[in-house]
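Common to both upcoming complexes is subunit A, partnered first by subunit B, then by subunit C.
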Partner chain A sequence: MITISHYLAVGAVLFTLGLIGFLTRRNLIVMFLSAEMMLQGVAINFVAFSRHHGNMHGQVFTLFIIAVAACEAGIALALFLSLYRKKRTLDVSVWQDLREAGIDETTDAQPLTTTPEDADPILTKAGIAPKRPLEETNV
Partner chain B sequence: MFPIAATLERLTADLTRDLSLFIPELILCGTIPFLLLLRLLFSTKTIPLAPVALAAVGTALVFALRTDLPTHGGTVTFGGMLLIDRFGLSVRVALLAYLLLAIPLGVLTKIPDREDAADFFTLMIGATIGLMLMTSARHLLMVFIAVEMASVPSYALAGFLKGRRPSSEAALKYVVFGAAASGTMLYGISLVAGTFGTGDMEEIAGQISYSRTQISLSAFAGVLLIFGGILFKLSAVPFHFWCPDVFTGAAAEVGAFLSVASKAASLALAARLIYYLGGTGVSHTNALAVLWAIIAGVTMTWGNLAAFGQTNVKRMLAYSTIAHAGLMMMTLTVFDYRAVPPLVYYIASYLCMNLGAFAVVAFVRNQTGSEELDTFDGLAKRSPVLALSMTVFMLSLLGLPPLAGFAAKFQVFAHLFENAHRYQHGEIGVFSWLYTGLLALAAINTALSAGYYLGVVRRMFLDTGEEAKAPLSVPFGGRVILSVLVGGVIALGGWWNPLTEQGIMAAKSFQHKSAKQKRLEMSQEQ
Partner chain C sequence: MNLDVILFAVIAGATALSALSVALTRDIVRSAVWLLFTLIGVSTLYFLLGAEFVGATQLIVYVGGTMVLVVFGVMLTAQQQFLKIKTAGPEWLVGGILAIALFAVLVHVSLGFGENHPKPATNTLPSAGPLGTAFLGNYLLPFEIVSVHLLVVLIGAAYLARAKRRSKEEGRS
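Our next item is the complex of A and B:
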């Protein structure tokens, strides 16, 4: 017999795995994936509670969680892409310029290995390049 | 299980009234696609977007001021999702007033250029809608959605200085910590909503006070996790580490938004959560109060100690924000309606002085390209206007008498003192000790903070530097904004009555407990 506590246990395990992954991983995408996994644990909780109480509240919560998670993923992945373009690595430890004065940079004993990649593909140009006059920055 | 016809009919019947109370948010919602369409359809040269955004915010502010509300309690709207009351309304007005000042400031300091002005205003207005929903949330689902609606545009704002590495790093740190914090908060919401079988906070409060003795351990854990999420938004101590880094990397204008608007709405939400989930006279109330007081005290002390020895002015202001958040949190230790007037007063004063300080930083940055503290050396000679207004803001942040900061701090101290006295003879004597301790800590901290606030003033007036530097000019609009803010700081410091009366009006939102008590009586009868 599968009771509500079984579902809650799965939810708790997913949430904890996500939290541990978030705290220990160094790859930006995997870190964010772990944070999203925390949300999935919560979604399981809500659906289980919804079934338990026999109302739709939990289902509604879950729908909103999925929508919000998509928004967050959208903005985070766009940011990661622009960060990757700057440093050519997804290692989070290269981003520590902002820190308390007088504290040294944390260095990894085992740096994240990254496979050297080709440069971004350059698309063949088509049509006439639009004229974009340089403007002073003003509104 | 599903809404029946009668429920739907009630919802439709209330819809007109609900929408009329929601007009300010609706106007802002409409402004966002309107701005984006304007940029799409017309050249931004022919139609400047800032006046459009300003006009929309101004209209929203007028509608917010004209909202018709009952004096006691509030109006429950949208099937129990939102509670529009005077407390929420006063914070919403403060948020709109902030936007009204921040949009022209952004234009004058040239943060958005012609191309992305629409993005900047859209993000600011979008985040403000989220913040406004936070102030009036009454359902746990609304709490979550509002927090996310405020956070997601803030992430983008933190990284708004495209191409600047520190700005990208700030956005990265904010996004990653923010995602984890919202996950944690959501887990708390799932536990609380699951245990009580509903997300409606009024009902949860009823069930908590009905239980009288103790809520289940899982629900208590859920409440703690929810407060963890709020503490992240407030940058309180165990979750404060993102704040200095994000403030250093992001533009000063964005820092002002995160420190003023975001803090104000988070405090309003924290007040509501403590009011509903804290319970009264239940065993976990005391535990929550002690925990909250400790966090508030540590936050204030930590912020003030860490602000010493900072070399970057935005980083220093970030720690000062943390310290002020701690002081504002102290008023909420045991939440009742008496905490509202000092809180509202503090939010309004903080709006003027902190936005002013960040505005000066932005003007100095535009001319010198530096945000280090030593840029301020000898500023009095280079630009008397900037130096004088910065002095007013710094002294107000410190809390010196004729200024707004003093009035706000005095009311918080008076609130703490009054509570220390009030609980002395009650059954819960520990609260008296708690409040006495907080009062002493707040006093010591105010003395401590003099070190770095006065340090800035000393730099501007006494340290002239070796060589004479070129004078700095402030645009005319900048002078207007600075004088409005300085005027606000002085006015709020001199005339306490108008705003205090507003605060007392706002406090009446919490003075009736009829719904809670009715529910309690109902459940006892059954």
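Our next item is the complex of A and C:
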């Protein structure tokens, strides 16, 4: 027999795994994905309680969660894009100047090794086209 | 063993497994694809719970919209050394201990909940019709606020992600 506890346990699993991902990663996009997973765990709880009580309040909450999460995804990715344009990296520790006032800067124990980007290919200079030998045609 | 139990076990197991893969995979693109499977599993759980409208909305908005957005974000910011990132040992230790403690508390509470609160007599969920009526009745104000919120976010995201003409000079300096 499946009771509400089983659904709550699935929600707890999702929330916990999202928390692990959020705490152990340093890439902004992976942290964002983990936060989405935590939201999913909470939403499962809402729908499970809605089923338990037989009313629609939990479902309404879940629909609002989905709408706000979609908004959040749009804003977050636009923000990541503009941050990436500024510093060419998605490492969270690069934006330490956004930290709380009065807290020292943390030093990175294992800084990421950056590989130099490939140089642009050198194209031949534009100018007058060299003369080509005339081709014989049958026309 | 009836069908409900088997279906729940299979879907919950698949959802938890893909969620585990999201947390453990090092490749960003694979992580995003695993999250896609997690979201599909969650929407199937909604269908199992009898909340068809929420499940369908989850499929449309999350699986169809948000994940495509995430994949676009990954592609626009793709960089070789960031596609695969190692996590150091101490980070795993701190994150793992915190998460396991939280998980123990959550499971303890949720298992205790089932014993303390017996199942009420009526536990069928209202379908999409009453839900729509509720959105235009009791929940009209939050509904309108969310719609204005969506509009503001649309404008804000377009403003943030627009191509700036001077961004190259500022970024290089």
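To be clear about the criterion, the second predicted complex is superposed on the first by the 96 of 139 C-alpha atoms of A that agree within 3 Å, B and C clash if a C-alpha of one lies under 4 Å from a C-alpha of the other, contacts with A are read in each partner's own complex, and residues count from 1 in each chain.
To be clear about the criterion, a contact is a pair of C-beta atoms (placed from the backbone, for glycine too) under 8 Å apart; a residue touches a chain by one contact, two chains touch by 3 or more.
What you are looking at is a predicted structure, and each value in this text was computed from that prediction instead of being measured.
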Partner chain in contact with A:Ala70 - subunit B first, subunit C second, else both or neither: second
First (subunit B), second (subunit C), both or neither touched by A:Asp97: first
Touched partner set for A:Ser5, first subunit B, second subunit C, both or neither: second
Touching partner for A:His53 - first (subunit B), second (subunit C), both, neither: both
Partner chain in contact with A:Val42 - subunit B first, subunit C second, else both or neither: first
First (subunit B), second (subunit C), both or neither touched by A:Gly21: second
Partner chain in contact with A:Leu33 - subunit B first, subunit C second, else both or neither: second
Residue contacts with subunit A in the superposition, subunit B compared against subunit C: C
Contact residues common to both interfaces of subunit A (with subunit B and with subunit C): 11, 15, 18-19, 32, 36, 48, 52-56, 60, 64, 68, 71, 75, 79-80, 82, 86
For the subunit A and subunit C complex, residues of the former touching the latter: 1-21, 23-27, 29-30, 32-34, 36-37, 40, 43-44, 47-48, 50-56, 59-60, 62-64, 66-71, 73-75, 77-82, 84-91, 109-110, 112-115
Residue ranges of subunit C in contact with subunit A within the complex: 4-5, 8, 12, 15-16, 19-20, 22-23, 28, 31-32, 35, 38-39, 42, 45-46, 49-51, 53-54, 57-58, 61-62, 65-66, 69-70, 72-74, 76-77, 79-82, 85, 87-88, 91-92, 94-96, 98-100, 102-103, 106-107, 109-111, 113-114, 117, 119-120, 122-126, 130-131, 134-135, 139, 142, 146, 149-150, 153-154, 156-158, 160-161, 164, 167, 170-171
Touch list for subunit A against partner subunit B, complex: 11, 15, 18-19, 22, 28, 31-32, 35-36, 38-39, 41-42, 45-46, 48-49, 52-58, 60-61, 64-65, 68, 71-72, 75-76, 79-80, 82-83, 86, 92, 95-101, 135, 137-139
Of subunit B, residues touching subunit A in the complex: 1-2, 48-50, 107, 110, 112-114, 117, 141, 144-145, 148, 152, 155-156, 159, 165-166, 168-173, 175-176, 179-180, 182-184, 186-187, 189-191, 193-194, 197-199, 244-245, 248-249, 309-312
